[in-house]
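Data block below; observations after.
Read from first to last, the chains carry the letters A, B, C and D; within each, the first residue is number 1.
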Amino acid sequence: MTISEDEVKKVRERFESDIISSYQDKDMVVFILKKEALLRFVQFIKEDPDIKMEQVTDITAVDWYQKRDVRFEVVYHFYSYTKNHRIRVKVPVEEQDPKVPSITGLFSGANWFERECWDMYGIVFVNHPDLRRILLYPEFVGHPLRKDYPIDKRQPLVKLIKPEERRERP
Amino acid sequence: MSIREGDSNLRSNMGEEELLKDVVITSRLDESISFFEKVLNWSRKYSLFQYPFATACCAMEYMTTMGPRYDLGRFGAEVPRFSPRQSDLLWVVGTISHKLAPVLVRVYEQMCEPKWVISYGVCASSGGFYNNYATVQGIDSIIPVDVYIPGCPPRPEQVLDALILLQEKIDRSKAEWRFSKKYDNK
Amino acid sequence: MSDLNERVQEITVNMGPSHPAMHGTIRLLITLVGEKVVRCDTQIGYLHRAFEKMSEANKWQAIFPYTDRLNYVSPLMNNVGYAQAVEKLIGIDIPERTKYIRVLLCELSRIADHLTCIAAASMELGAFTVFLYCMEGRDLIWDRIEELTGARVTPAYIRIGGLARDLPEGFLDRTLSILPRIEKVIGDVDALLTENPIFIERMRGTGVISQADAIEIGFTGPCLRSTGIKHDLRKKSPYLVYDRLEFDIPVGSNGDNYDRYMVRMEEMRQSIRIIRQVVRDMPGGKISIDNTMYILPPKEVVYNTIEGVVNHFKLIIDGIQVPAGEVYDATEAANGELGFYLVSDGGGKPVKCRVRSPSFALMQGLEKMVVGGSLADIIPTFGSINMIGGECDR
Amino acid sequence: MSEVLIKIDGREIKVPEGINIIEAARMLNIEIPHFCYHRHLSIAANCRMCLVEVKNSPKLLPACQTKVLNGMEIFTNTERVKRAQAAIMEFLFINHPVDCPICDQAGECYLQDYYMKFDKTLSRFKEEKVKKRKAFRIGPRVIYDAERCILCTRCVRFMEEIIKRPVLGIKYRGNRGYITTFGDRPFDDPYSINTADICPVGALTSYDFRFKVRVWELTNTNSICWGCSKNCSILVCHKNNTVYRFLPRENENVNRFFICDEGRLSYRLIHTDRLTNALRKGNEVDIDGATSFINEIINGSPKEVSIVVSPSLSNESIYLIGRLAKDVLGLDAVYFVMTQKWADDGILKNKIRDFNYYGFEKIMKAMDIRYSELKTDLQLKKNVLLFGANMKDEYKNILAKRRIMLFDTHRDGFVDSADVAISISSIYEEEGTVINADGILQRYEKAIDGGAKPLVVYLRDMLSGLDDEYLFESAELIFDNFLSPLLGLSEITFRGISNSGVKV
């Protein structure tokens, strides 16, 4: 299920300046990458014949609010049908400029995942075809999955009737 | 003909048990339910055209209630009309999120009087255990509701019982003539 | 013929969330030229219930009721997927009997899911009889699930490290007894639909997607297999006891609605085959691990000894202390690859509990499948994707 | 103090000589479980939970009693130690009642925490548990449950060594023993509830907090007690804007680790008969009308306004009052009122009950404004600005003939007769600093929001004429810009004040 040792070595010396660290997690190899090198890295793992990642399975972000100095961490999962192995790429993102290059150019499947990540965490995916909110309504202000967004802060679109004025229909 | 909302004298201050009595003995004319209204109510309650506003997991249970085993058709409410104009019973089935709330309000307003609303399941009735930024905490905060069905999802028998409850409510309701002075088209 | 189209300008039609064929939670802004679809902007999120935010506010073992309501047509598959991910994160190995019971419940839920999908899709094409037959078939399965777990749609029966309770007496025989009746239902649906000219007319050749597009957009499950790629996580990366069972993977050829329907029908037959094998070699023994740091102690211990009540109390108050780390674990749910990405900082609540839902990726491809076809083809295409609101919007 | 080199679980560390192994391990944040050991109490070493293995010593040694020696090698998680801890817990649980669902201590009970960390095994004990007297009121404010007690004698030692009134003791022996007073007299001591705090299990619990709220639903905020001018450091335990209890907070400079019962129970005043809005002659009026009325008087006739202060306010409010007196009203003297004094008991209680009296004194001296107690009404002008008013009754007739503009947290007797009364927030609804009797400056944080605005906001309106008015925005700005230089703490910022306070 995980890519073999020599592929990891090949990736490492090609990107050794940009890879912050890489380790073998429970079932897949994890690369922690600087965000500048993301596009080149994804391009490489897509085209390299041994690794040959064909599908971006999932893109999401983790909010380490007050637990780490770099607050956000965008996490990509890639899967290859032919080789049947997966890798996980993590890109630390500062809170001040939450920008990450969009990979919809390489994998069109990443489109909605990035839109959801923008909607929920407020991480901007640079030159994404149409970066709109996908799960919430456009009038929503703020990004709810951030840890400092209170869980029950509602922004209703419709005027709510107060409990005492709710008239019992005859 | 319309059912007046918030009718002050007859329903709200009378106890539950008086209302359930079949014959309401009253001297004042406008309070008695005339024979004609009884026929009218009887015809209404057994031919409810329903609009299934189904969104979430309760829709699965709603399917089995419409299905062969727990057949909703036995109570005359089986014909789903998919346009609010032609239906008079709105089943709000499942969780209503804040993004869907304007849609629900518009569908409710498009329905013609007399209309009734059944809130199917605990998410529609009170937001269920989704007490968060995305869920409307009970559709009675956006539209008036007649019958609430608890349960997540409610068993089909509970749904049939709710339908019977609504039919009793229709039976007791006092029809208001369009041309009488008390008609207020709020 | 072509000048007729030029004179007809584009109009945008709103197939809104409250449309009978839209399962209540999808809105399609379709741009039409006459009957031909030119563009289709899919808008989802009408059933976004903040699953992740709720899972960050609840303890590890308290998230099971929320996972039920992701894909509420086959809830037990989400439970199994989530429990498996947490067990992998902690490093627990569950007993053999539990693995067999989990496979049994997953396959029963898969049949229920496919029956619902075929019921809804065919009803939208007018075959109301098929809807009623499938409902009857699904009720048979739900009776068994209700008998075992106590609820029809929201069982929340799986626990981290085991199950809530053991199989009641005679459960396996009753499960075996309903299989022929389900096969009869599948046979009837087959007879009604498979050679039905109207059905073939509507389904053959509509909603086509090529293999390359399917892979790139992120198709998994029956929709991917219908394009001819033999990919199933139960075979590719076997989990539970799927490696000990023989079953094969139905594969379509040209990725249209008809193939998706055929793949689902065949998968139901394979699931029945799996259930028969599971019931045949179901082992005895415990159904939960006995390390009470991760699973609640049995009730008689909790009510009679102080150690049991202290253990129970601390597990409920502080939650299961999952060691820090992260994991991504994918299982083959009814609609495709259901992945759970869990991150823990060693506490009782997850830092992140991400669900990679198959419907979300499938809906991305709806526009590619629909553009070029006629307006009427949207309905069978959307029906055959079997998008479930809870899973797609989370 | 000479340093000693020791090794715990293979990790080397230099520790001061003479401390015990538990403290040494705590420096490497290795947790050694213990019941009877308490940092401020003597060593009883009767619970045996803290047994650790020390190299070349035949048997396990109690970590609380054994002092560290040079070159000592200690192991805290070997097989022998684990078996010993599990055995001790098993013995403690033998007669322990199955009370967790009804025990107030659940959630913060040592037995629960240690079971999950160190024991994790089921008991082999099948016989009957010993029955003892359950849940009787050993004193007016404390309840004792003999079955839950593990006889660790923390409460006995606390009363004997800290409070110096040896009132508690163990009666009977073996598993029949339980804690009681001599001749079963009521355990009525002004520090009795502290025994419930330091009791590691649910044996001693506070009568007032009984079955009120579950401990894990409360959030704790650092604050100070408003009972007297000792300003003991406390934790305010609150849940959706209601305070349920005060707990002592470790503070070496002020109250070490305990507080008096009266201060602890004064949390009730936060929610009883609070003034919630503005009153004109006792009847309701909106707050803006009242503040504009006061501002007219101040701007209209600044000369006829004098100030009377009750020192139960934060340093920041007192500073602004000083600026108001000096720059706006041109007063050179400010009068203060006192509440009923109480006896200074030599342990914690201080005779002056206005909790910021010493802060008031220091600030007034630093701003060289004369201050004196209000004796006769001659000194007063026509209008009186009265800040905070929990005061003795005889002041009331002094102030009777004046036009009173009152800012107060509570609705005491004086509110109805005042011309204008405006509600302000108590110290638990705002941030600020206070100075106590021993000259320790402490910062308190906002625990709940009670609806009323802090006094600092109203004072800022009155001082709106001054040029540096923008600096009066919040307590932090006032402290950083004015108070810290004034009190000679220029290098300490508002956020920088440590939890145990700063000597002024």
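Going forward, a residue touches a chain if its C-beta (ideal position, glycine included) is under 8 Å from a C-beta of that chain, and two chains touch if they have at least 3 such contacts.
Just so it is clear, the structure is predicted and the values come from calculations on it, not from any experiment.
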B-C or A-B - the one linked by more C-beta pairs in contact: B-C
Chain B-chain D separation of Cα centroids, rounded to whole Å: 56
Chain centre separation in whole Å, for chain D relative to chain A (CA means): 45
Centre-to-centre distance between chain C and chain B (centres being mean Cα positions), rounded to whole Å: 33
Per-residue overlap in chain B, given as positions that touch at least 2 other chains: 99, 132-134
Multi-chain contact sites of chain A, meaning residues that touch two or more partners: 136-137, 144, 151
Residues of chain C whose C-beta touches two or more other chains: 45, 48, 50, 53-54, 393
Contacting chain pairs - touch in the sense defined above: A-B, A-C, B-C, C-D
Of all residues in chain B, those that touch chain A in their complex: 3-7, 11-12, 98-99, 101-102, 105, 116-117, 131-134, 136-137, 140-142, 144-146, 173-174
Chain C - residues contacting chain A, complex: 44-45, 48, 50, 52-54, 56-57, 88-89, 215-218, 229, 231, 236-237, 325-330, 337, 339, 341, 343, 345, 351-352, 354, 356, 360-361, 363-364, 393-394
Chain C - residues contacting chain B, complex: 16-20, 23-25, 45-50, 53-54, 65-66, 68-69, 72-73, 75, 116, 119, 131-132, 135-136, 138-139, 142, 152-154, 389-390, 393
Residues of chain A that touch chain C when the two form their complex: 1, 25-28, 54-58, 60, 62-64, 67, 75, 77, 81, 84, 86, 88, 107-109, 111-113, 116, 120, 133-137, 144-145, 147, 151
Touch list for chain C against partner chain D, complex: 292-293, 297, 301, 303-311, 313-314, 317-318
